[in-house]
Amino acid sequence: MLSLLAEQLEAARDRLEPAVFDYYSAGSGQEVTVGEAEAAWGSFRLRPRVLHDVSTVDLNVELLGARVSSPFVVAPMAFHALAHPDGECETFAGAGRAGALGVLSTRSSRRIEEVAAAATAPWWFQAYGMRDRALTHALVRRAADAGAGAIVLTVDTPYVGRKGKVSGVRIAVPDDQFLVNLAQHLVPGTVAREAAEQDPSMTPDYIAELAEVSGLPVLVKGVLRGDEAVRCLDAGAAGVVVSNHGGRQLDRALPSALALADVVTAVAGRAPVLVDGGIRTGTDALLALALGADAVLVGRPLLWALAAGGAEAVAAALDALAEDLRHVLAVAGAARIAELDSSMVIRL
Amino acid sequence: MLSLLAEQLEAARDRLEPAVFDYYSAGSGQEVTVGEAEAAWGSFRLRPRVLHDVSTVDLNVELLGARVSSPFVVAPMAFHALAHPDGECETFAGAGRAGALGVLSTRSSRRIEEVAAAATAPWWFQAYGMRDRALTHALVRRAADAGAGAIVLTVDTPYVGRKGKVSGVRIAVPDDQFLVNLAQHLVPGTVAREAAEQDPSMTPDYIAELAEVSGLPVLVKGVLRGDEAVRCLDAGAAGVVVSNHGGRQLDRALPSALALADVVTAVAGRAPVLVDGGIRTGTDALLALALGADAVLVGRPLLWALAAGGAEAVAAALDALAEDLRHVLAVAGAARIAELDSSMVIRL
Amino acid sequence: MLSLLAEQLEAARDRLEPAVFDYYSAGSGQEVTVGEAEAAWGSFRLRPRVLHDVSTVDLNVELLGARVSSPFVVAPMAFHALAHPDGECETFAGAGRAGALGVLSTRSSRRIEEVAAAATAPWWFQAYGMRDRALTHALVRRAADAGAGAIVLTVDTPYVGRKGKVSGVRIAVPDDQFLVNLAQHLVPGTVAREAAEQDPSMTPDYIAELAEVSGLPVLVKGVLRGDEAVRCLDAGAAGVVVSNHGGRQLDRALPSALALADVVTAVAGRAPVLVDGGIRTGTDALLALALGADAVLVGRPLLWALAAGGAEAVAAALDALAEDLRHVLAVAGAARIAELDSSMVIRL
Amino acid sequence: MLSLLAEQLEAARDRLEPAVFDYYSAGSGQEVTVGEAEAAWGSFRLRPRVLHDVSTVDLNVELLGARVSSPFVVAPMAFHALAHPDGECETFAGAGRAGALGVLSTRSSRRIEEVAAAATAPWWFQAYGMRDRALTHALVRRAADAGAGAIVLTVDTPYVGRKGKVSGVRIAVPDDQFLVNLAQHLVPGTVAREAAEQDPSMTPDYIAELAEVSGLPVLVKGVLRGDEAVRCLDAGAAGVVVSNHGGRQLDRALPSALALADVVTAVAGRAPVLVDGGIRTGTDALLALALGADAVLVGRPLLWALAAGGAEAVAAALDALAEDLRHVLAVAGAARIAELDSSMVIRL
């Protein structure tokens, strides 16, 4: 873990209520998957190149039309207000300063429109296929209207993963936070939290439905297999995010670091492939990019940054990651991300 | 290990006499095999599916004509009265409440007919090929008369494995418990414990013999190789149980988790394949089922449950395992066991 | 390690002078090889058979004409008088009681003829190709005259391995012990210890030379490669011993457990293959035999036994190993060593 | 690690200022690569030969015309004056006593000509492709004039690796040491340290440029891939050094022990291949030579020796390594380095 990120983590541990810290940290089941994400990147070694011109290093990335300053993307995470009073507004202000793409969670604790107003860089909106389909439709339309560039459909949550370690310290997110984006669309008398659950009967045709309703490209998040990625693309997905939901859903799922190559091979360049899970240094990102990812999402570290120091700290974390990536890219002999390839990566 | 099972284990450790706890816990030799059963399941990772309809999840299983509510089966274990005054009657009452199939040991501390009366779900009878063949014949006939649906012939005990760690704390099972099923059949003057030993000259033709005598299908328990499984089927076996006898027989035998795929491949669908050894969570079971098992036997955890809280605790343990399996099945993208396949499993 | 062997080791540690214990225990270099011998056997797992008639188990072995009661052989080791006043006489008396073959070291602390008189089971004589060739010739002739059944030529000692840890606590073997077999053959004025060093220019033609001089079959000890084993057989060897000299010569040499299969494959049944290094249980021996060894040598444990309780303890250790082998052979489904094959062994 | 080297390391730790010790010890990033160099050699095992004539063992090596007494070479390292008042003069005097080739760093703290006067064995000069090309030209010409036999061009430092652990304890090398070789060539007004940085735009054509300017063969140091080694040879390199810069540049680069075979295979005998990183015993060197290296560079241990006891200790360290190599070469069954081959090495 980059030293700045480690410091922000410690600061967050100090500042956050233990139950909140645990809520963010927790993984499902026996916490195998949450615990091995970072180490999975660490199981690779680099085969650097030499004597290539790296006098300038270019980290710019274009993702479905969004031009951003680096391949680091803010992962969608729920309820930023637990970490900072201004919640996602602060996070996305920080991402903007760093020129980084952010993905706003359906379960944000600030309204889509407020966050959109605070964001100064491109952003996407994360959606669930909720039991109340009209609710999702309403949300993605609002996101599109507010300027979202794409929809990221989370598909690995047909039921919420059981968090073993924190089962006794459930945090109670107040309704006004939980419903901030939803309240206005609820049919009177419905139980909001049930309506907002993922519909476990969701199938791939939901991808095209969401694209049509939103008018935006739809990426599918939570894919760990090449065949499933292709199934999503065939159903209209504009990209996939290789992810095990930060180890919060299926415990003992394959680490995303070890699932990435299979997905990249199967997708075969048809669409962008992003990845999250355990990216904590520029080298982790370099490995992901060399294995074929187009961008990498960073989750918990940015919540720790948010808790530790608001937008400024979020920007600092993203800048530090980008700067570290820039450095290792050059030392590994690549001046641009496009110069990376899988021959630079070997598993020990 | 599922948290309820861990709690019941601790409760059992408190309540049982240390010698009894050690007797149940022990493995043979240097206890390598008993110690690595659970970790062997832990060496696999899952490759989940997404966007499959998992709005209802069906765990029902049919095993040689027995319809049960989940693939969890009570493994045959000796002398339940050491753990609870009502012994197997209590265990099988609990299994019945959970709708789970149970396998009654020849060495039960309650008579076959008593347990049969307490059982409310289908049950099978575990037999040894004893030195006194008439004894085995008498037992399997009684089991059939009492309603057993199948015979499970244990074949990995030509001699009883030497338990390294507990050699000094042998428990003395009183004759009235040891002989509860046997006493009525013994020829006067025979040494009961010798007559009841497994006949080390037993060969596969014993399978057909037992099937004929009992009129029941015979599964062979204690198989760790595909070629041996086929040899048993060719000799008339109706199924096999992949097992190393809970690490109590041949120390350093292959963990059943790692032997399963070979057996499944060799059996090639001709007959059901069950597996036991180290199954402690729904995910362990999911892995076994995805690798081709038709059901999974659970042993020691149910003895701990029995000791901790009788039938109610046994039912609770079985229910918790089934509920955990139901959850991970859905989160892994499968609505029925039949939707699992080996592509969902990868060894790290 | 078998529990009796562990107890004898502790007894020996108590009784022996620390410098002697260290001398016996030591390995060369950083002691990598000496430290991993036992664990290398432990890296294998067994695939047992079932439903084979194991009502009688036969451990008898015939090795180059010697019929012995089990495949356990006393490895050649120097200076047993450091462990027991009667030295090798006591060791070989113990081996005789157990019906086990013993290999007497050139560096015995009792004269060949004395040990031969004490031995009641077949024995072989271990020789070095010494710088003074006449010395070796004289020794092997005496061994043949005294009844040795074969010569075991140690070839992995062109120079004595440097024992890192005990370099500061060199034991001083008194000349009368060092020279017990040699003194009568020394040309006046020669430096005995130099004459007795292995000739580092020794090549395979020495095998035939020794066979001719002694009139006995010559096994080559210290082989870790199939190609080198074949080279020895082509030069007249009657067998090979896969060994890294108990980790006392080339540190970081391959464990013999991992070298065995290569040698067995290359030898292809032309001659017996024995193995030593880390054999501490019947299961270790079973693994070696299943991988194709014809017998297994046991070294340090028998020195510990000798120190702990003389001939009786040596016999007890050998008997315990044989009894353990007999048990695991049966439980693994084999009634004779010839029924073992490499399909019973798998490396984790 | 050879025991003498371990003692010298401890002595150096006592004598050096902590900041200097840390400066020398440090690796980049999370110090993964610096920490695993030695263990990577330790992951190999040896397959020794037997019955080969090893009565004389020859370690002599000829490297691009330089005949030296062993394959151990002093690696180029900066600022020896931090470890000893006489700096590189003392180091190279020690190398000379041991008959070992040394590589003098551009960043030596004694002038090239002074070191050349102190050196009594062949030596090479290490160069960077500096931003001020005239500076490099001037240095390599001076080195050639002073008697260097070859130029070793370091190519893995387009930017200086970030040393995580010592970032807070930067040592301040005084300008008079930093500039000792450079001062006379600097254009007035230039910032010396910037001019002396590696030019990150350097490409392979620089190899031929340097060969022409210096009139010497140019080896490229810092190669970890076979394809990159071939690229360097095609551009005129006379040899390559497999190295990850002692773990000080790209963290998580492949250990050189694991990169060597790929480079040797790709180079296919066209030019010498040297290797550094974690060589701490004769066995480490034997492994490198058996895998195809022509010589091995030793770095930090010689700085520790220099700090511990000046030239004498440097010579003692090199002698001890050579003597250890001589011993293990013989015990492994090889009388000359040319008798080693990759069949002697196996990875566990």
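Observations
Letters are used for the chains, namely A, B, C and D, taken in the order the chains are written, and counting of residues starts over at 1 for each.
Everything below uses one rule, namely that a contact is a pair of C-beta atoms (placed from the backbone, for glycine too) under 8 Å apart; a residue touches a chain by one contact, two chains touch by 3 or more.
Please read these numbers as outputs of a predicted model, since none were measured by experiment.
Shared contact partners of subunit C and subunit D do not exist in this assembly. At the interface between subunit B and subunit C, under half of the residue numbers involved are used by both copies, so each side presents largely different positions.
A straight line joining the Cα centres of subunit A and subunit C is 62 Å long. The centroid of the Cα atoms in subunit A and the matching centroid in subunit D are 44 Å apart.
Under the touch rule stated earlier, the contacting chain pairs are A-B, A-D, B-C, C-D. On subunit D, the positions that touch subunit A within their shared complex are 29-30, 32, 155-159, 161-162, 164, 167, 199-204, 206, 220, 222-225, 227-228, 231-232, 235, 249-255, 258-259.
Against subunit D, in their complex, subunit A makes its touches with residues 1, 3, 42, 44-55, 281, 283, 327-328, 330-333, 343, 346, 348.
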